[in-house]
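I've put the structures underneath this note.
Consider the two complexes below, in which subunit A is the common component and subunit B and subunit C are the respective partners.
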Partner chain A sequence: MEATFNSIIAAAAPLIIATMGETITEKSGVINLSLEGSLRLSAMTAFAIAFWVGNALVGFAAAAAVGAAIAAIIAFSSIRLKLNQIAVGFVLTLLAIELASFLGDSFVGERGPRVPPLPIPILSDIPFVGKVFFDHDLVVYFSYVAIFATWWYFYRTRPGLNLQGIGERPEAAFARGIPVNMLRFWYTVLGGAMVGIAGAAYSLDVKLGWRETLTLNLGWIALAIVIFGGWHPLRVAFGAYLFGALQVLAFQLQDVFPGVAQVLPIAPFPLMILALVFVYSDWFRRIGDRFPKMRNLLGSEAPAAMGTVFERE
Partner chain B sequence: MTRVRAAVPTLVALALALAVGVALLLVVGAPPLETFRLLVEGSFGSASKISATLLAWSPLLLASAGLVVTFAAGLWNIGVEGQVIMGGIAATWVARTVPGPGWVLIPLMVLAGAVGGLLWAVFAGVLKTHGNVHEIFGGLGLDFVAAGLATYLVIGPWKRAGVASTSGTDIFRPEAWMPEFQAFGVGWPVIPVILGLLSVLVVWMLLRGTLFGLRLKAVGSNPYSSFLLGIPTNRYMLGAFAIGGALAGIAGTVQVAAFHHKLVPAISGGYGFLGILVVLLAGFSAVWIAPIALFFVGISVGSTQLDLQLGLDSAFGGVLQGIIVLFVMFGGAWSVRRASGRLTPQEEP
Partner chain C sequence: MALEIRDIHKRFGPVRASDGVTFTVEEGSLHGILGENGAGKSTLMKILSGFYEADSGEVVLDGEVLHLRSPADAIDAGIGMLHQDPLVFLPFTVLDNFALGSPGSMRLDRKAAEAELMRVSGELGFEFDPERLVRDLTVGERQQLSITRLLWLGARVLIFDEPTTGISASQRIQLFDTLRTLAAGGMIVLFVSHKLEEVEALCDSVTVIRRGKVVYEAEMPVASETLVEKMFGNVFVEEERTTVPLGDAMLRVEAATLSEGTTRIEGLDLGIARSEVVGLAGLEGSGQRTLLRACAGLIQPESGSLSVDGIELTRASYREHLAAGVHYLPAGRLEEGLVQGISIAEHLVLASDDTAFFVDWKAADARAGEEIDEYSIKGLPSSAAEELSGGNQQRLLLAMIPDEVKLLLLEHPTRGLDVESAAFVWTRLLERRNHGTATVFASADLDELLNYSDRIIVFFAGSVFAIRTAAEIDGEELGYLIGGKVRA
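So, the complex of A and B:
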């Protein structure tokens, strides 16, 4: 039992990092649609660089740079060139996927360095809880930090309030002297770097090695989880853990029902549609209305200015 | 003169895209000139290769024409891949169950493909209009469901006699093959090409010369105002999904009836997503679809040669297509910005 929970936490860690990054980006008003491509290209880069240098940490840094660079292209083309974020994001998705296949061809099947396990000394000795939460490696601990830090930043700090402001009412934020477009650029880059780190976590930690199908569809799943999570870090994290649990469960069911293997790759998608229908249903909205104090957690409204271009009058 | 001027950013963008392509080839140690020669020769080098390129052109034209309609309504029809697949599945079902000669069967397969794609697209549309699920995610989810269904049919109920393999169903009986026209020693895909070009023409006329097209574009540019002016926006969006899906579905019919002559799991050939790139490059208008689509399938068909001849991953074709679209979009936006005199630093960055 505790082994199962332990693997759920580990399986969800990269997804947590990616979804927190995307939540920050979208909360600031920019959509980085390229996640499917960003994850794959950064996973490939991380493996290639780590394999070449022989050091996993360098791989993580390179992957973060790749994710940040793709995000910077989206932010720049939206803010300065006034291009549609979804169009640029979609093109970059396809481009990054092909680029990963093209450049990563020679690394398929190689064995590279990996992130060493690092149980936290005293905490991991706590019965059950220690084994589930504190017997992992740095990637997993980073995912905890990402959840807590994102939540704290959004709802407990002044810059976090500004971040929400530029995503909801950029005109008002600008009128108060907040440099809307500069902040949007850097939040997008930050979010992209986190997506890159998540990509590295797949090829250097969770799944080890590089192949084209390594992160297959996980980028799209991550985008859907951010919507499911209503742009609230804790609810997004809940969605990511739910998906991690499904992954682990499906993996264990494989032995019991061999037929599951065929259905497995597409099973998340009908679920994704149902989950989105659910969070936008009147029923769920009414629950949100009943607990006004938990509006942030239970609301499903996108940041009002998400995907739009802000231009000073 | 202004027309020539307007083409400059596009040409510069193409040249830059080519330069990046060359740089990538040098990075992986491939000979650039030889690579580009193989790309051209692999797609237009002989009668049979031109025929293969035209056969690939047709579904891309159909999918792109359909996407022009959905884009006109302001919709991101990412579900186009799934619509192509469902068209292929529906056409395969007809080929497997309906008896009769080819002149009955082929039109029925085209019709079935259109209905299959239409229903799948309207499904994504209803999720948007009635379930508030953004069409990107509804469509994407349905893409994977359709792909899963195709795989299931190929290895399950429609598996080849005796063996279940992902290589496809049994080959259709000859009546269900779209007839080719023999000339220069090879068969030419005349029917698919006519279907493809016709779809572009119909979409062009629909958006340019009809009240429906005008209203659709109004819905696309400002759904709220259109609604206030009395246009039933939801119905128009669903209409756009229906037309786009039907054309994508016919692309699926072409894939099974003229190319594979059976159902395979990857029946869409990626033409749905490639169509999105084509339409983005064409600036959402039907006018330039045909030449751009030909250019792009040329790259796709030619790049399969790279693997065989140079041992280079054929993904290079996709990389090139992506870079071209990205750079041309940048070039267009940059020239607009410069023309309006606003490319001066206002706010960093």
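So, the complex of A and C:
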């Protein structure tokens, strides 16, 4: 039991980091649709660089740079060139996927450095909780920090409130003196860097090594989890853990029900769709109306200006 | 302290939106900026508030030349602008709207912000629940929140761009009181409007702008005729009220219960005759829209019946209503009435009942040209809907109404239009009335209701509060009824 929960937390960590990054980006009004490609290219880059240098940390830095660069292309083409974010994001997805396959070919099957385990003294000795939450490595602890920091930034700081403003109604934010497009650019780059770190977490920590299918479909799932999470960091994190749990469960049940072994690994995907149907149902929305204090957490409304271009007229 | 505007020029392509505008406003003054739609008022105000950069010219406040490159610069200089549609964040709370964009430390101290909100709004006599969502506030309350915020940030000059659009009569009175108090307290208040009567009622001095130029400056009061002449270049005479004899019943609503959202109209009986004009009065959201939408077939009555010219339409769809000769013009011209991105000619093709598979674009352009002439639309057959001004959008919508309409339903038919366009709209509507069309229109403009209606239905708190014929009601009584009071 302890081990199962421990592996759910570990399996979900990269997804948490990626979804927090995407939540920040989308909250500012930009959709980075390239997650599937960004994750894969950054996972490959992280492994390749870490393999050459022999240091995992350098791999993480390189992956963050790759994620940030792809995000910067999306931000620049949307903000300066006024191109459609969905189209650019999709094309970049395809490009990054092909690039990862091409450049990463020679690394398939190699063994590279990995992130060392780092149980936190004292905390990891707490029965159950310690084993589940504090017997991990730096990547997992970083995922905790990402959740809390994103939440705190959004709802407890002044720049965080402004960030919500530029994604909700940029012209109103601009009228209040907020440099909308500059902030959008940097939040998109920040979100992209986090997606890159998530990619590195797959190839250097969770799954170890590089192969084409390493992060297959996880980028698309991350995009869906942000929607499921209603752009609220805590709910997004819940969605990521839920998906992580489904994955671990499906993996463990393969031994119990060998007859349906091929079906189980894909079960989390349709379940994700059902979860989306659920959070968009009237019933779920009404709960939010009943508890005004929980409005942010239970609401499922997208930032109103998400995906749009802001111009000074 | 004085605000001086010196020789401001601003061009958009070939259009000179500001063409050497110069004037000065002294402190403690409530100054009207008057001009018809498209005269260049908004451009000038957006330059003052940093939204646009002027091509040339200077803005001087209190002897200091301002460099207004962005709204941040304008706010720093103490110039605040209230936009026609208050620029607030609907899903956020009142408190977050207040604090968003304000200077201060990294950590947002909501307790301190709330204390400031309460202090400043208390001084102005406004009341807010900080935890309420701004979505649930009326347009008037959103304005009050914006005013509170701008004053808190230290505004010395406040610009109000058409602030009475979309607010109720009582909120307008409150707004005007606030503006007077602010001016009396030593601020510079610019009141931008195309509504003569508001400028006359409120302002100490006025600048009239026409085609990007200052054409007239004066201390109030000034004769209305003078202002109208300066605004339009020709004197516009208000039409005498005309009536035609009413025909037999056109719309018949019996024991109908209509509900939509929080609005619920119960047991409504209403008969409207051929050639009758019925005005729907009431505060925004009192049920007028629900009745119009029910008559248009957009919502179905829960019980009761509805028929048009003897055709039973109680459970009929919107299409069946259209086929029966019902036509609805909603308030959101660009959102609900027109399609953004498509041209005048394309709109007219969409609206026509021609069912041929291929469109004859030559003929369509020719027809669009005719309609543009007939309805005096300022635009080309190829102009997209969103390029047209509000008045021209309404003209296009009028041109799209089929020839044979039995029941015409209109929501705020002249909201946001200048006097000339409003008069044009009504001339067209009355022509149709003369040919037997029954007209039902909702309006927040008391004069419009009194001028054109044969009967006025007053809504209050989601139900029909009173029905009066035009002959037995005057503006004062109508004002009372809209406020939910019966004059003693």
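Quick note on the criterion: the second predicted complex is superposed on the first by the 308 of 313 C-alpha atoms of A that agree within 3 Å, B and C clash if a C-alpha of one lies under 4 Å from a C-alpha of the other, contacts with A are read in each partner's own complex, and residues count from 1 in each chain.
Everything below uses one rule, namely that a residue touches a chain if its C-beta (ideal position, glycine included) is under 8 Å from a C-beta of that chain, and two chains touch if they have at least 3 such contacts.
Predicted model only: the values in this text are computed from it and were never measured.
Engineer: Determine, for the superposed model, which of the two partners subunit B and subunit C contacts more residues of subunit A.
Structural biologist: After superposition, B is the partner touching more of subunit A.
Engineer: Quick check for you: in the superposed arrangement, does A:G177 touch first (subunit B), second (subunit C), both or neither?
Structural biologist: Once the two structures are laid over each other on A, A:G177 reaches subunit C alone.
Engineer: Touch check for A:R312: first (subunit B), second (subunit C), both, or neither?
Structural biologist: A:R312: touches subunit B and subunit C.
Engineer: Should A:F102 be classified as contacting the first partner (subunit B), the second (subunit C), both, or neither?
Structural biologist: After superposing on A, A:F102 lies in contact with subunit B but is clear of subunit C.
Engineer: According to the stated criteria, A:V277 is in contact with first (subunit B), second (subunit C), both, or neither; which is it?
Structural biologist: Only subunit B; A:V277 stays clear of subunit C.
Engineer: Where does A:L81 make contact in the superposed view: on subunit B (first), on subunit C (second), on both, or on neither?
Structural biologist: A:L81 contacts subunit B only, not subunit C.
Engineer: Of the partners subunit B and subunit C, which touch A:L39 in the superposed model: first, second, both, neither?
Structural biologist: Neither subunit B nor subunit C is touched by A:L39.
Engineer: Would you check which partner chain A:L94 touches, where first means subunit B only, second means subunit C only, and both and neither mean what they say?
Structural biologist: Touch partner of A:L94: subunit B, not subunit C.
Engineer: After overlaying the two complexes on chain A, where does the subunit B footprint on subunit A coincide with the subunit C footprint?
Structural biologist: Overlap of subunit B and subunit C footprints on subunit A: residues 179, 312.
Engineer: So in the complex, the part of subunit A that touches subunit C is made up of which residues?
Structural biologist: So the residues of subunit A touching subunit C come out as 156-162, 164-165, 168-169, 171-179, 292, 295, 299, 301, 304, 312-313.
Engineer: Applying the document's contact rule, which stretches of subunit A touch subunit B when the two form their complex?
Structural biologist: 33, 76-77, 79-83, 86-88, 90-92, 94-95, 97-99, 101-103, 105, 179-182, 185, 217, 220, 223-224, 227, 262-263, 265-266, 269-270, 272-273, 276-277, 280-281, 312
Engineer: Which residues of subunit C touch subunit A once you look at their complex with the stated criterion?
Structural biologist: 46, 49, 51-52, 70-73, 75-76, 81, 83, 87-92, 96, 99-102, 104-108, 131, 133
Engineer: Can you list the subunit B residues touching subunit A in their complex?
Structural biologist: So the residues of subunit B touching subunit A come out as 24, 27-28, 76, 78, 127, 131-134, 136-138, 140-145, 147-148, 151-152, 155, 273, 276-277, 280, 313, 315-319, 321-323, 325-326, 329-330, 333-334, 336-337, 343, 346-349.
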